[in-house]
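Here chain A shows up in two complexes: once beside chain B, once beside chain C.
Entry: the complex of A and B
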């Protein structure tokens, strides 16, 4: 077998990796906003719930979370297929870290902006969505970019619940051919290319948001 | 007629620090009052309490007949958003650092609150905003963003933005202190025009003594959380009674006169 023959199965794996990564980043970002905003709620119960979720997923290893959802949850009668389990777990993890990003960026909006909003009698909800969020969201982009890359790398672990992602395919190719050097080099290159695309996407969104004179160098006035 | 602002024995503490101790103060409808006083004496605190940006611990406060205590007696600390909303309908504020919304154009900065809070139609709000921007001399900057304006222009937008909510009481907290000296005049000019509006009540904190003398009906010297001396500006500045007032005035005028002169020389 020459290295070109490794490409077909590895590309198939890469597709699965990209799919899982994009899906869990998308759900993760939604969760991040929900939990990050809930964390700042004046309702103790809501913010407490968000706190527990964030602490739980930030404080435990992804691998154990995956196994728990895959092997332990079915014991109480709830089971999902591997792909769903993988996406769900990764989304929850990304959402937990992302929630801290959202919260941090919202807290970084200068208090003077919130006071101006109060002086104009805006409701709290309006202030959050129309005053704080548009300013905070730009500050979220670099850390969200990091989270996206982290998420991509974490997807490698889903191979352990028998999902045929890039890492899984690499393992099986190596077991057949014993050509570790070529297989793992190609795999690294594969992950790197996907990571590069993710970085570019996030940069692109950030540039779009930062375009125009509203946020010169992201400085708050 | 009832005063539009009434502080009755208001006490305000920050932790162990008592900033206002049994503070009593009244402002009549349409009156233009200037607060002056040394740094840290609590001038901003008075305005911030009025704007509901700070709670207070004790006493009674009313603007336009609405008490800062909720009728059910939960106290000023715990007034509901709904009640605070009602209070804020009458009061507007212009900040030292302008605090325009950087992600909105000048026009949107002025239009946003009337549309979102007063439920005004957008076209109507825009035509009123355009009118207000003309009044502050910025019709041509409508579509600019705050970062593209000078400090003086930003502060004039902030004044238009506050006026768009049609407050009965307008608070100014050192509106020109953050400005380069050559930009102070344009902002004072706008405030001077406003001062001729009969219905608007103005409460102004400033270090511009000449301006205070010119626009106010009453000047109050504020020190350590109390009004030490107050009066009609001519008398207040030409013949202050209290030693503390004299001391303060001579220190601040001693600073200001040479500065003003050097500016006029430079021109």
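Entry: the complex of A and C
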């Protein structure tokens, strides 16, 4: 077998990887906004719930979460198929990290603007969505870009719950051919190419969002 | 029965308590892997950062490309690469060392960026002043750059220690018997995954929280010399 023959199965795996990554980034971003905004709520219960969610998923290893959802949950009668489990776990993790990004960006909106909004008698909701968010969302893009790459790298772990992603295909190709160097080099290059595409997409979205004046960069960490 | 400790599956609570000593042995492996990996990351990352500042363009570019590549590819695949490919070149390491090496390699790509940022934060004027004063390169780094760099890089380096700690369970995939590896083995033997896996999560949670708190304390205790932090 020559290395060109490895490409077909690896590409099939890459498709699964891209699918899982895009799905979990999408759900993760939704969760991130939900949890990030909930964290800033004045309602103690809501912000407490968001805090527990964020701490729980940021504080434990992804692999443990993945195995927990895959092996442990079915024992108390809740089970999903591997793909759902994988996407769910990755979304929850990305959402927890993203929530801190959302919160940080919202907190970095200058206080004077919020005071001005109050003086103009804007409602809290209006202030959030029409004053804070349009500025904060631009600041969120670079850290969200990093999270997207992290998410892509994390998808490799779903191969361990029997999802036929790029890493899984690489493992089975290696077991057939024993040609470890070629198989894993191709796999690493595959991930690198997907990562570069992800970066381009994030850059593109950032460019689209960057209209109008933003508050000074580096105003938050 | 594992490492001479028997488990008691009568209730989840007794089960959880009875497997604690076994998980404790795994915890030591986890901590050791993180320590070795972090040491590699700190040293090798510095080497990468310095090479990237090399005047020879090819060296600088190669290092930049390598760093970017390692940063953007999964630890698991890098681990498989080292685990299966190194023996082909006659380098046979124990699984633990391969794992620690993979961790160290991945994080050296991160730490090198941190070092680079720290070095770049020293204003040009200070480098020029050092040249004007005829200070040697070593002298410039030791007495001017490094003291100003440290308070800037410690927070980021600390965060990477915490995230590395959380990535060590991946080593269980290549037969390293860390906490997760042992929890899986207990699960296989007792058909009870819920308790061992939950215990691993429950042990990790305070560990990462305490680590973060410690890093925050160190960060506050460091003297902030030189150019002001923003």
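The rule we apply is simple: the second predicted complex is superposed on the first by the 210 of 221 C-alpha atoms of A that agree within 3 Å, B and C clash if a C-alpha of one lies under 4 Å from a C-alpha of the other, contacts with A are read in each partner's own complex, and residues count from 1 in each chain.
The definition used in the following text is that contacts are C-beta pairs under 8 Å (C-beta built on N, C-alpha and C of every residue); 3 or more make two chains touch, one makes a residue touch a chain.
Quick caveat, the model's predicted, so the values are computed rather than measured.
Visitor: Could you let me know whether more residues of chain A are touched by chain B or by chain C?
Guide: After superposition, C is the partner touching more of chain A.
Visitor: Should A:115 be classified as contacting the first partner (chain B), the second (chain C), both, or neither?
Guide: In the superposition, A:115 touches chain B alone.
Visitor: Pick one for A:132: touches chain B only (first), chain C only (second), both, or neither.
Guide: Touch partners of A:132: none, neither chain B nor chain C.
Visitor: With the two structures laid over each other on chain A, which partner does A:124 touch: chain B (first), chain C (second), both, or neither?
Guide: A:124: touches chain B, not chain C.
Visitor: Check the residue A:94 against both partner chains and state whether it touches chain B (first), chain C (second), both, or neither.
Guide: It touches nothing on chain B or chain C.
Visitor: Taking the superposition on A as described, I'd like to know which of chain B and chain C A:156 touches: first, second, both or neither.
Guide: Second partner only, chain C.
Visitor: Name the contact category of A:24: first (chain B only), second (chain C only), both, or neither.
Guide: Neither: A:24 stays clear of chain B and chain C.
Visitor: Answer with first, second, both or neither: which of chain B and chain C does A:85 touch in the superposed model?
Guide: Neither: A:85 stays clear of chain B and chain C.
Visitor: With the touch criterion stated at the top, can you tell me which chain A residues are shared between the chain B interface and the chain C interface?
Guide: On chain A, no residue contacts both chain B in one structure and chain C in the other.
Visitor: Once bound in the complex, which stretches of chain C touch chain A?
Guide: 69, 71-78, 80-81, 84-85, 88, 166-170, 172-173, 180, 184, 187, 192-194, 197-198, 200-201, 204-205, 208-209, 230
Visitor: Can you name the residues of chain A that touch chain C in the complex?
Guide: 55-56, 58-65, 67-68, 71-73, 75-76, 149, 152-157, 159-160, 167, 170-171, 174, 180-181, 184-185, 187-188, 191-192, 195-196, 218
Visitor: Please name which positions on chain B make contact with chain A in the complex.
Guide: Residue list for chain B touching chain A: 51-53, 81, 85, 88-89, 91-93, 95, 97-104, 112-113, 116-117, 144-148, 154, 161-162, 165.
Visitor: Which bits of chain A are touching chain B when the two form their complex?
Guide: Those residues of chain A that touch chain B are 112-113, 115-116, 118-124, 126, 130-131, 134-135, 212-216, 219-221.
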